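The letters A, B, C and D name the chains in turn, as written, and every chain counts its residues from 1.
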Amino acid sequence: MSDIGSEDVHERIRQSFARQGAMETLGAELTRISQGVVEIELPFDVKLTQQHGILHAGVISAALDSACSYAAYTVVAADASLLTIEFKVNLLSPGRGDRFLFRGEITKPGSTIIVADGRGYAVGDGPAKLIASMTSTLMVVRGREGITG
Amino acid sequence: MSDIGSEDVHERIRQSFARQGAMETLGAELTRISQGVVEIELPFDVKLTQQHGILHAGVISAALDSACSYAAYTVVAADASLLTIEFKVNLLSPGRGDRFLFRGEITKPGSTIIVADGRGYAVGDGPAKLIASMTSTLMVVRGREGITG
Amino acid sequence: MSDIGSEDVHERIRQSFARQGAMETLGAELTRISQGVVEIELPFDVKLTQQHGILHAGVISAALDSACSYAAYTVVAADASLLTIEFKVNLLSPGRGDRFLFRGEITKPGSTIIVADGRGYAVGDGPAKLIASMTSTLMVVRGREGITG
Amino acid sequence: MSDIGSEDVHERIRQSFARQGAMETLGAELTRISQGVVEIELPFDVKLTQQHGILHAGVISAALDSACSYAAYTVVAADASLLTIEFKVNLLSPGRGDRFLFRGEITKPGSTIIVADGRGYAVGDGPAKLIASMTSTLMVVRGREGITG
């Protein structure tokens, strides 16, 4: 588990998230950081759609991947970085709605390999609707050129 | 296999691709349509990156998912549409480069379920470098409200 | 959801499980059937191992796939059968122990596609240890020759 | 790539395969070893079936996982071992036939992570029929207790 203060972890994740050009492009915000769990939200926008006018599976993947990765940042040392090795996404319901929430959660911490699970929801006035799930495998990286933060 | 003329299929795919707001947001272009194979290309842009400055896995997923889906459009009837059920992506090398090419190819056509495989490459002056692979499962949809094209 | 009495569902699943030659070969038993959840258990046996003497990933996959499939049988009509389209398995810890439990649980019911998640555990005197997870996509099949029960 | 003689690699893989109790249980044989490619074959047996009398998806997974793992053994150093981190299997056609062939092939070698792709076929008098595909992620392991060979 993390050997750095939780405030430092939160700040580190916020700064790293801010460097993700893709998250800004998607209009995504980091809305929750806690031990082993990170949430990202984004509003619906026609610029994020596939041909049927619903959220593109790649956009869902981007948000879930970032949520899972930052969940992993909460369980590694301060000098370690993370790379996604692979993930699987199931699209469970069409991505329709005004706003979406993506939660990444650590299933298995580890010194080399971390496995996280993510869930995506359409959120609004009524109950949240599950739209997608992800299982993601991440590699802990230390001292590799160009891979920091 | 497709029961419509190949010119019609190409035009249908081009129109469907043009409706994908996400592809425009990513700066992606449809560069090849042939029987069972579709290619999409996009230039590197800082707005597509993750925290280490390389292409975000979600952007790679978006381009591969669209390539696999449109490859599937070439093997279904003209009145059928397609929905991605799920996919798995392996990130094989960091997404560094000036330009990227994503190819989707049909592995198993079918009347209900179609399976496609995709490969992503960084392309430039030298040999193309494999950066990612996808296996994608698609469902053939007919006459479902809101799902056409 | 199921339109048949729960006793009938249980009996149907027991009979179907008994027809799975592979489950007998693995020494697996059906130990729990409830709405949307099925559990399968098996004792360790050297005949189920990979080269390091731990449970083979294929054995884990077999037990999780059966658990997920029978969980799906609890949420379909009595005349429907199920086929696994695809699954992903993460091996989280080496499969060491005297006995293993595999639970399949429905994440998303549906009339055509059902998604289930499974977890495998090494169980014994101490706390259960998570060894594997699965996400499985199943297709509901009706009236296809050779595919009943 | 391998730094040991190919005869030694072949012998090492044969010995490791012989230690896999699960392969003997399935009646599987190692039928081809070459640089980056391994094949495993097994005859149909009712003891390997699911409820519809076709090959159980777990049996297919076991054979593909072993084929992919041993393909990876051909591209690592002699003192390294391999652990499967995760895989995805697509069941493309029912596993019917007299005999089955499973081929694992290296897609991306690496010093820590290796990615392999596998294909399963029903083989007999006519043309081979593709029944399944796998993408598998393996971790190269050195000097970990209990993980050798």
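Here, a contact is a pair of C-beta atoms (placed from the backbone, for glycine too) under 8 Å apart; a residue touches a chain by one contact, two chains touch by 3 or more.
If you're wondering where the values come from, they're calculated on a predicted model, not measured in any experiment.
The minimum number of touch steps separating chain B from chain C is 1. Comparing the chain pairs A-D and B-D, the larger number of C-beta pairs in contact belongs to B-D.
Averaging C-alpha coordinates per chain and comparing to chain B, the farthest chain turns out to be C. Taking each chain's centre as the average of its CA atoms, chain A and chain B sit 22 Å apart. Separating the centre of chain A from that of chain D, both taken as means of CA atoms, is a distance of 33 Å.
Averaged Cα coordinates give chain B a centre that lies 29 Å from the centre of chain D. Multi-chain contact residues of chain A, defined as those touching 2 or more other chains: 85-86, 88, 90, 115, 135, 137.
Contact residues of chain B toward chain D in the complex are 88, 90, 92-93, 107-108, 115, 117, 130, 133, 135, 137. Residues 85-86, 88, 112-113, 115, 137, 139 of chain C are the ones touching chain B in the complex. Those residues of chain B that touch chain A in the shared complex are 16-17, 19-22, 24-26, 45-53, 56-66, 69, 81, 83-91, 94, 146-149.
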